[in-house]
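Each in structure tokens, the structures are laid out below.
After this come two complexes, each holding subunit A, first together with subunit B and then together with subunit C.
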Partner chain A sequence: MQRIHNEKSINLTLSLIYGIVILFIMAELTPAFTLVLAALCLWNFILTLMNKSKPGALLANILAGLCLVLLLYDIGFSDSVTLFVAMLILSSLFKLLQAKSKKHYQTIVLLSFFSLSTVYLFSQSIIATLSVSALYVLNFAALALIEAKHNLKIASKQSLKMLFIALPVAVFLLLFLPKLPAFWQLPGPKLAKTGLSESVNPFDIAKLSNSDELVFRAKLATANPPSAPYYWRAIIHDEFDGSTWLVSDLLKSQQRKQSTSTTNTASDTQYSIIAEPSAKPWLFGLNKAYSTNRNVKTTEQGLLIRKRYLSNNINYQVKSTALDNSQLTKLQRYQNTKLTDAQQNNLRSQQLAFDLFKKNDTDRAFFSALTEYFANQGFSYTLTPEPMTSQDTIDEFMFSNKRGFCGHYASAAAFMFRAVGIPARVVSGYLGGELNEKDDYLSVYQYDAHAWVEVHIADEGWQIFDATAVVSPERLNGSLSQMQSLNNEFTNNLEFSLLRFNQIPGFNWLRLNLENLDYKWTNWVLGFDQQKQSSLLKALFGNNQLWKISLFVILTVIGIFIVYFIYLNWPKKSAESEHRLAQDFMNIANWCDKNGLNHADNLTPQQYLRQASEHFPEKKSYLLQFAQLYSDVRYKGDEFTEQRKKHSHDLVKLIKAKTKRIL
Partner chain B sequence: MSFIKRLRKTNGVSAFVTIKNSLFSKFLKNKHTGDTLLLKHNTIYVLPSKMGAGFLFVAILNFILGINYQNNLILAMAYLMLVMLVLAILIGYSNVKGVKISFKTKHDDYSPISPRLHFDISTTKLCQSFMMIYKNSQVACLDSIDKSSNVTVALPYTHRGCFALERIKLLSHYPFGLVSVWSYMQINETVYVYPEQIDATKNDNLVSEADNSQGDLKRKNGNEEFDSLADHQHGMGLQRVSWKHYAKTQQLMVKEFINFASTPMTYDYALLQGNTESRLSQLSFFITQAHINDHPYALKLNNEFYPMAKGRDHLVSCLIALSRFTTHSESDDATHS
Partner chain C sequence: MHATVTEIIDDLSLVIFGKQTQIKLALTCLFSQGHLLIEDLPGMGKTTLSHALASVLGLSYQRVQFTSDLLPSDILGASIFNSNEHTFTFHKGPVFSQVVLADEINRAGPKTQSALLEAMEEKQVSMDGDIYPLPSPFFVIATQNPLFQSGTYPLPESQLDRFMMRISLGFPPKEAERKLILGDNNRDYDALPKRINPTQLINIQDEIAKLTLSAPVVDYIIELVTYTRDSSIFANPLSPRASIALAKAAQAWAFIDGRDFVTPDDVQAVFKSVTAHRLAIDEQTSELQIKQLLNAVAVPL
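Right after this comes the complex of A and B.
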């Protein structure tokens, strides 16, 4: 068993690395397990700081067993990726807690190279990337420390230097090495993110949990951009069970297969979307959308669904046409009008619907009448509605409460359409988005989530009915964050974020710029996929020149290595070869020349210094001291010790300093 | 059964060793033989170390992870690790390139002190984490060599004997321990571990019965008288150091006694008692003492005879003879004693 020199600093470094890794994956773990990991980390940290010995093998193994049981109980087998990462980190921490020999530490450092990469499975933001990169430097430093005797600072410097050389080569490889398709399908990590849900039941929610998490960005094409308002459709809910709107099994089965009808017309609007990692496969499109991206499935209803890589950003091109205007089949009509058990409740609303329908006998007229009803009956928009719990929630909302957010209006309206036999469904998704004028893209946040109704009107097809738009028309334009009237309510609802300081101009500027930086990062770095790479390569090398690209990549990389190798072995005519004192002398001579010392050429340093001491009487003693030192070291052959080095350095400083005291 | 197995096993091992050695000598051609070795392109060998192999494995794991999750950042990390490994190879090679190792002298010693080799190591630039390995054990480790450095290597021999120097492995794991950069140095030299000096006169049991009849070997207990103080010399024990003097002057002085048995003497292996090692140890003591006292002496070891002489060279040749000494009937010897 080989002991190592820097055990303390290696321990501290590794504890720090794992501590920060835990911080990053904390959101995916349960609080209990996070606490366990953090405690292990802290334990090792404190043991090292206090120079206490590490726990015995028996104790550590028993603890490890207990923690494993906790892990399996806490996280379970359903989320295999999180389980795997948690196990990896747990085992690394226990190994660290018991590590004594060189081999142990080497194993842990190797493991942490893998653990660090797993952070990227959960988070790929700029901050995560910067932190993980810093940890990489530290990890390499720990690796160097295992081998050598010098301290952490030198080791970090060295590894930083090496990584700086290695990074451009790695980036080059990433850019030009043709990307391989996935070898096999791995389960994606289940991200703990808020988002849309398959069931909409607004009535038991007292407060919309608003988060300012980015959901997606949409870059509108210059050629044929879609126009506002932007109803980003994600999920269609076509079944109502009396309180909740759900996705019916029928619809689910229809969505399993790819839509075949891709009618391509010139009037299609175009845009591209970069969606953030999500826990759910729903993607976003306007009206009836379709995408040709390989990882995106287009459904019959014009919805987009992500095929894989939920934990990654996805960048896809979309075209949109108007919603279907064809006649519904019998099954579709039945599916979109059925109320089943829901018919027994909310009788007042049903009665209202019947009355309105009687007065306006066509579907279109009823549509307008209902819009007018919402506009004129004192409804108001709020983010903090009172929860409604009775059997007849819709009645309660329609006749007594009259305050609610999008879900209330959509749910009530769809119910009333169905009550009179007009096909209607609730659609959830996002509305609007914050326009970034610099780069002309829309950012859509979690708080832009919205629900509305799609109604099928004979001869016209599916139409959007959004009662919220009537109640609070400004909601249609822009993002919720830009709405003045709701600002207080909105910011109070938000979790802590920069948005809270929206009113302060500096903060808003900062927020928008960070936003923009993040957009570029997501678009260019994270979104650099096979398609983008092949178009880049095509632009550089022309079509189908795989051998050219390979040759180029291999030759460039070999060239870089050769240049580096030559640099390493270049005989260094560095400062080392020239004596430090000679440099110091040159330094002094330069200063003297600059300050008007006239002297003959080809003076020896001793003669020169003597002459200088006469010319600068105030510096005489320093110059003579330096001359003495110079002759001692250079001519008498005394050793140039650290002390002399410092002395010489100080003398140079004193000579060059301005002499105010004397003047 | 087990005996046969063991025999086979040892045969197998020795066969493997001979094959390995012959392969080594074939491939390495004598470039590593000699007292001076300059590390350059044809004498340096570079491969990823075990740690480096593990590192490569993790890099590949990262690559697979990056590909399967189509994750650019993980992929970049995988590439970064690969590039670092290549850089480590380049740096590791450049680190030891130009290092010149010169074997200066050897220093044999009495058992259990191991023989030592003195080296001069010089480089044109800084060389870090330089190790010397002899018979699979690390015998020297230099954290950094700047310009030049003297190294003393203690060989792992503590028992009496003569040992032809084996190949010395020069190894560096710089940087990060990811690569092994190594070379060999084969010095044509033999080192000796002299028998331990054992003063048999302290132990009456060891006094030879043949003492009186032969008359050559005479040791008289208690018939020495204090004579003078002399400088402590290498090989003298600490028994006779004048500690009083040491306390005053910090100088190691030895009390000299007049040895009445200062007549020239022949020490004969055959006349001593005990097993081979203890007899050799006694002889080692006798001749060393005789040398220190500047008495001439002769040594008889079965068939070998070293005639009466004195001086450093005589002592060394006698001690070497003791180190190499083997009896053909060692097993008999062991059973007798």
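Right after this comes the complex of A and C.
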């Protein structure tokens, strides 16, 4: 068995790498299993730190068996990706706990390359990418340490250099490697995170849990961008069962069809959306949206739906027109006014609606009256409403409680519209977004989730009725995170996030800039798909010039290899002689070399310069002056002042200058 | 101080003709507190040089002619019974002087050689449980005949290492030899002017130790010794003791040259004398081999 010089630092480095990988995939694992992994990691770290021997094979095997049982029990077979990732990391950690010989460590370092890459299955953000790249550096350093005797610092420096050298190849591959469809595709994320759901029942929620997870970003086109307020529609709920708004089977079947009407008018607003990966089908658009992206389906209601669940971002162009203003068919009218069983409850609200409708006999007038009602009857917006449990939740909200968030208002308003026979539906989606002025895009987070009502008014078509906006008008512009009045409530409800520190000015600046960086990364690197690639290639080489592309790729590959070859074989000496004077000396020596005096490096500089002064008598005085200067600075220890620097520079110039031929 | 050194060299040149380099090397060795080994054929002036050196530096001087039956006590001294006082008194041997000329050191047996070399290393003699320090400064100038001569006991490598330098005088140039034949040289070296006293010598030694040894020079020394270690040409590569000796000798050489800093040229000048015997290179072939070695190592800039 070969001894390893740096066993301690290799162990510490690998433990650190695995520790950080565990941090990254923690969200995908259960807490219990995360704890087990972290404990294994820490165990190895502490054993190494205290110079204790690693556990015996029997103990480790028993533990590994137990952990495997826990793994299968805890994660199960339903999510095969997470299962296999967890298994890989678990086995690597046990291997690390057992590692003694060189071969063991080589295996583990190799495994870590895979373990590190699994982070990308769950997150491709710029922070994840940078962290994983840093860990790659450490892993390469650990690999180097297995063979070498030098320390971690030197090894890291070298591996960092190596990765930088490899960077041009990576960029080249990204730009020019044909983006073939994968032979097998990873299933999309399985875990449903916070966010929208098909059923809206606000009344049993005591605390609206907010997440600062990014949902999508919208890049507003320079020509004809949409204007605020931004109601990003995602789901239409057209069925009310007395407490919950649902998506009816009828609507679901309507949405199965792809919309055929692609009316393209000049007034259409334009924008593109980069949606984060999600297990939910719905995508986002303003008003009646349509997209020609082949991964996106447009429904007749102007909603956008995913065709495929991918583990990476989806980037699509959208155009929006105003909501439908055509007359409703009978079926549609029925679909949007049906209350069925719900009519037996919430009688007071129904009565209120009737009274209001009696006073204002048109749909439009009722619309305004209801708006006014919400504005004047002491309603307030809160993120922490009291749960309402009675049969008549809407009555309770409308008459006694009067405090709620968007869901309450949307639910109550839609109910009242329907009560008087005006078609109405609850729409959920997102409102607003954080505008980045530098690059003119909106970031929409989970906490921007919103629900509002769409009302069909005769002759006018579908109109947005947002009672929340009436109660709390500032909610219309910008993002929830920017609302001053709700700040305390908002941050208290938020899961841990940088937003908590929003009040500190530097922090907000940092957060926004990180956000912008991530946007650029998402837009330019992750979003560089087949479409963008082919348009880039077209721009570079013109249409149908396949041979040009191939030639270019081959030449570039050859070019890169030539550059690497030259770099690797470049004489190291010039890099080593860091002293300016030594460089000047080499300069003179090269000049002498060219002019017929071969440089022998076994001569001392003094001997060489003396020899040169005999060979070039016309330069004798300069050469001897340089020799004196060299000896003073390099050997006597005189300071290499600016004056001497200049002197040396001048001497080199004089020596290299062409001598006038004496005729 | 440098003027004195020049005078010393001039004085010695009157005794040994045409051997300026060897004289300078010998002085280099003594100035850097090292012992000197002079290897040459009989009759080349080894003894003359060493005797003249001791005399011109104003040091006490003893000569021991080594023979195959010489015993350690013949050099170190012996305890002799004093019948009047009924005690043993230590009678110091010839080693108790500032310059010991060990003539033809390889004619004596290993036991005697070892006794001297031990004294050289320790700078003291221990006898019958008592320790007797040797005078300071203390130099051993040993001469030896080339090993192919009959009746010699070669010094082992470990003991050769104790000598800082090995030099050989070589045949004199024709012009010098002509003068020798005509008896023009100064044969009375006891009559040479004593240019310095032992205190001044110690001052010179201190001054030399302070000479600037810049990084490129140290690098060069390291490159040279590393080459002997890595090239696998040499069975006995140079030890760190050799590197230190090389640096000290280069300093002394620079001092004799009148400079207060060391250059790679100084290292090259003393390199052969300091390293050839440590690398087990015969004096006869050393010139060529050392030249090859120096050619193979690039001088750091």
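The criterion applied here is as follows: the second predicted complex is superposed on the first by the 519 of 663 C-alpha atoms of A that agree within 3 Å, B and C clash if a C-alpha of one lies under 4 Å from a C-alpha of the other, contacts with A are read in each partner's own complex, and residues count from 1 in each chain.
Following the convention adopted for this analysis, a residue touches a chain if its C-beta (ideal position, glycine included) is under 8 Å from a C-beta of that chain, and two chains touch if they have at least 3 such contacts.
Since we're looking at a predicted model, the values are computed, not measured.
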* Asked: Between subunit B (first) and subunit C (second), which does A:Ala148 come into contact with in this model arrangement: first, second, both, or neither?
  -> first
* **subunit B versus subunit C as contact partner of A:Leu173, first or second or both or neither** => first
* To do: With the two complexes superposed on chain A, say which partner A:Glu28 touches: subunit B (first), subunit C (second), both, or neither.
  => neither
* Would you sort A:Ser631 into first (subunit B), second (subunit C), both or neither based on which partner it touches? => second
* Asked: So, does A:Gln606 touch the first partner subunit B, the second partner subunit C, both, or neither?
  -> second
* **Which partner reaches more residues of subunit A (counting touched residues only), subunit B or subunit C** => B
* **Touched partner set for A:Met586, first subunit B, second subunit C, both or neither** => second
* Structure fact -> So, in the complex, the side of subunit B touching subunit A is made of residues 51, 54-55, 58-59, 61-62, 64-84, 86-87, 90-91, 94, 97, 124-125, 128-129, 143, 173-178
* Quick one: in the complex, what on subunit A touches subunit C? -> 577, 579, 581-582, 585-586, 600-607, 631, 634-637
* To do: Please name which positions on subunit A make contact with subunit B in the complex.
  => 106-107, 110-111, 113-114, 116-118, 120-121, 124, 129, 132, 136, 140, 143-144, 146-150, 158-159, 162-163, 165-167, 169-171, 173-174, 177, 179-186, 188, 309, 311-312, 525-526, 528-530, 561, 564-565, 568-569, 571-572
* **Sites on subunit C touched by subunit A in the complex** => 212, 214, 216-217, 260-265, 268, 294-301
